[in-house]
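Two complexes, one shared chain (chain A), two partners (chain B, chain C).
Up next, the complex of A and B:
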């Protein structure tokens, strides 16, 4: 897999946009930004395959933001749609009915609802079959399109429409976030990476690097959601940065199953600094602080990084628990 | 009395909550009442519609209100927005309450057969609450115009805001804000026309083709939607301070920034939604902001 890159700074981000302005997504949408950057790296010859979610609403008849192609599938079956499209393109090329230059990259784009829950089995099937495709999951840690109901990506301590903070459940959600990266790794995809829009060069390089592998190339983007998480849209990038700096969202990749962290914070900021920025965690601070819940979250972050440090020989200066 | 009220706002301004406050208040004042929003995807900034019906007799109507007696327009950019079309179906002799700083003649949707009441609720909300959430104040304007008692209104308001989960401090600020609006206005004697029993329904959402076709073959045509009217504040680049670092360009979720031929970044104000990420992230602080009405 290629290790050279043409991306050194954000100035190297390609200047061509393949998504027009005027979509109907929320102001400050992290998922929209992820799609925009992803598309820039992959270029114009692309077919998105989308399962139900926020990105479905970006195109609202008869106005379409995409300058490329779009196939909309049922919630559970975007990777199956991608298989059909990939096979169709391959067959047409084999028969000489489509020129190689007209080939399209096939990219599944879904939220965490489809990636973690409803479409997990069809993704597992596509990975098993070695389908040559990209998967971009914009992970906003709940079903944001319908009003922020809990998904299996919702972290411990987050409130949501279906896990509100109540007297019986003062911490909101008490389940832990599913580790999709590890679940995908167990299925033996050649390239898997996490992304954060706030770390743009890391983002650009990973999309570039994954493109040199044949087979499933899978990405989980940390997509800040002003509407669902409860913060001012202008803080979208700040919130993502804090998630990375506190270690709550690790940036890493797995090449043929070997995991490497691509960014390790110099000194980890306490996770409370990240939690405090969002209304979905407000109940952990007001009306009374819930130090035991915050400590639980800090401990899970610290345990994660202590293990990663041991496995990869990293030096980490973790925040106090 | 039977009154049909339709609220038009932008996601985040509180149109749905306003419809519920009004429904609550009317119910508390002894009316039968219904309130409900249009179900749809939740989008901050996108046009939102919600409804309240109340009557001193049993209400047999159900569903969307196509022929309201009152429309409450929480953002004046919605007047000319074909996807909102707030004046559609407003009964002759009806009342339109518009949140605006412009004169009534500019925001009456071309209707000279209705009463238009203009209020600057955004400024007041920014002053009192620190953000442009108008659910309490617009509900107050409608409740007062419809003659709902002050006591029932405040009770309905507080109930609803508690239900939403606001802090006591924020509830009391909302009450202060709403009472100022309520006290400033007088009940309006409405003489809306009765529609014939089998009235032709006027659809209030109109999808206007911006050059699209049935197959949407002209891809990338969404720029004609003009999401610039979602904006409350606009970013303004000071080119003397700008170092062309491209960070604002990289972080714009809307593709509303482009690089000009001279290598400098330009903002597409027709479609910039005013998220203001560019201002927050600009390292040399070369991006300022101004409110859309220049204040």
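Up next, the complex of A and C:
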């Protein structure tokens, strides 16, 4: 897998855009930004294969904000749509019925509801079959398109429409976020990475690097969701940056199963600084603070990084628990 | 070609190979599995030039099938029963994509309770999906209908996917005499698929776009309905061509001894053969009996049904399916086809039988004719018949007793 890169600074971000401005998505949508950057790296010859979610409504007949192909499938089976499209193109080219110049990159775009929950089986199937495709999960940690219900990506302490914080359930969601990165790694995908739109160069390089691998190239993008998380849309990048700086959203990759963190905060900011920016965590601070819940979150972040530090020999200066 | 003995499953696989399908996404389920096993073997031994991929579910299988069709490939797949229902969400999507693939459904009754033998609740659950439906009585028909289905589905006037139905066990695992067409002739009858707007690098398209308003949704659904209705004439055209090439004639329906028939039994699929025997027996007894077989189920051949049932004294609709709380699925479709006719049969007898592959005998079918004759003139609605022989009921009661059910 290639280790050279054409992306040194943000100025190296390709200028060409393939997604039109003024689409129907929410202001400050992290998922839309991730698609835009992803597309810049992969270039024009591309087909998005979409699972039901926020991105589905961006292409609404007779309008499409894309210069590339779009196929909406269903909630559970976008990876199978990618399989059929990839196989269809391959067999037509093999039979000489389709010119190689008509070939394109097949990219699944799905929210966390599809990636972590209802589409987990079809994703696992595509990975196990070694399908040559890209997979972009814009992870806003809940079912955003239907109004923010919990998914198995929803972190401990977040409220959602189906895990509201009440007097009897003061912490909101108390389940643990599913570790999709590790689940995919167990399936032996050649390239897996996490992304944050706030760390553009890291993002660009990972899409570039994954592209040199044959087989499933899987990405989980931390997609800030102003509508669901409850913050000013202009703060999207700041909120994502805080998630990275506090260690709540680790930036990493797995090349042939070997995990490496691609960014380690110089000094970890306390996780409460990140939590405070969003209404989904407001119940941890108001009307009374819930220090035990905040401490639980901080501990899980610290435990994660202590383990990563031990495994990779990283020097980490963790925040106080 | 010389006749060969082959199962319905092998006939379906053979027709897919003759159609030179490009892509076969698959998932096993009894009694369909022999179809995909056969194709998998042919692909691996190099006697079938297709890509075969086994998916992790029927839902994914149908998604892959539709997507490959949108890429411009000719696609074949097969399923059965629970598998068809597991894929059901995607049937509606694939038809909405106007992706003209062909699916062989090997009918098997639906759980619960789980059973392996056929009835038509599985394929009729797909009745409203936008797939065209052609139902087979014999293994020969399976092969012929698969080839015809591609011609109709891929016609620019239609552009809809199609199901070819065959009964599990009675056709799937039963060897019958089948004459397979010559490849060279098939190539003339069925040229390569020429997709109208495939997914391509140089001419991007959006498929499956959302429509956020009802008027647009209605427009596209009406459009699909109009295409499905056109499929009947396209089928008739293709069938004439097919007869010219291969000698076998097919229409949307088949009549048997209808010329002077007073009493007509309407039915579909493999048990129709038993219906024909019953007609012959009734004729021997001097009863003017006849049979109407439904081959095309979607679009529903209303005009043909009306033309062949009008003026009869009585007709029965044999449904090998059950919509609990209503009755058979075909009955209201036949009734709706006749309602506007002044000379419709005075009696339209609903009959339900053969559920879960329950054996039928010509005796039972003769009983249906006798009941048709016995229903008095002017009866508003005859009581529906639910076929169960006394010996079968006794066996069912014995099983209940073994299970400890009292009384």
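Methods note: the second predicted complex is superposed on the first by the 321 of 321 C-alpha atoms of A that agree within 3 Å, B and C clash if a C-alpha of one lies under 4 Å from a C-alpha of the other, contacts with A are read in each partner's own complex, and residues count from 1 in each chain.
Quick note on the criterion: contacts are C-beta pairs under 8 Å (C-beta built on N, C-alpha and C of every residue); 3 or more make two chains touch, one makes a residue touch a chain.
These numbers were taken from a predicted model, which means no experiment stands behind them.
Student: If chain A is used to align the two complexes, do chain B and chain C fit next to each other or clash?
Tutor: Here chain B and chain C can both sit on chain A without a clash.
Student: Could you tell me if A:95 is touching chain B, chain C, both of them or neither one (first, second, both, neither)?
Tutor: Second partner only, chain C.
Student: If you stack the two complexes on chain A, which partner ends up touching A:226: first (chain B), second (chain C), both, or neither?
Tutor: first
Student: Touch test for A:64: chain B only (first), chain C only (second), both, or neither?
Tutor: both
Student: Taking the superposition as given, does A:76 touch the first partner, chain B, the second, chain C, both, or neither?
Tutor: After superposition on chain A, A:76 lies in contact with chain C alone.
Student: Kindly classify A:36 by the partners it touches after superposition: chain B alone (first), chain C alone (second), both, or neither?
Tutor: So A:36 only meets chain B here.
Student: If you've got the overlay open, could you tell me the nearest Cα approach between chain B and chain C in whole angstrom?
Tutor: In the combined three-chain model, chain B comes within 6 Å of chain C at the C-alpha level.
Student: Just which bits of chain A does chain B share with chain C as contact spots?
Tutor: In the superposed arrangement, which is not itself an observed complex, chain A uses residues 57, 59, 61, 64, 66-69 for both chain B and chain C.
Student: Which residues of chain B touch chain A in the complex?
Tutor: 11-12, 41-46, 167, 207, 209-210, 212-214, 216, 219-227, 230, 245-247, 249-256, 258-259, 268, 270-277, 279-281
Student: Show which residues of chain A lie in contact with chain B when the two form their complex.
Tutor: 10-11, 13, 15, 17-30, 32-33, 36-37, 54, 57, 59, 61-69, 144-147, 197, 200, 226-227, 232-238, 286
Student: Could you list, by residue number, the parts of chain C that touch chain A in their complex?
Tutor: 22-23, 25, 49-51, 53, 55-57, 59-61, 63-73, 75, 89-90, 93, 192, 199-202, 204-212, 216
Student: List the residues on chain A that touch chain C in their complex, please.
Tutor: Interface residues on chain A, with respect to chain C: 44-45, 47, 49-50, 56-57, 59-61, 64, 66-74, 76-85, 87-92, 94-95, 97-98, 101-104, 121-122, 124-125, 128-129.
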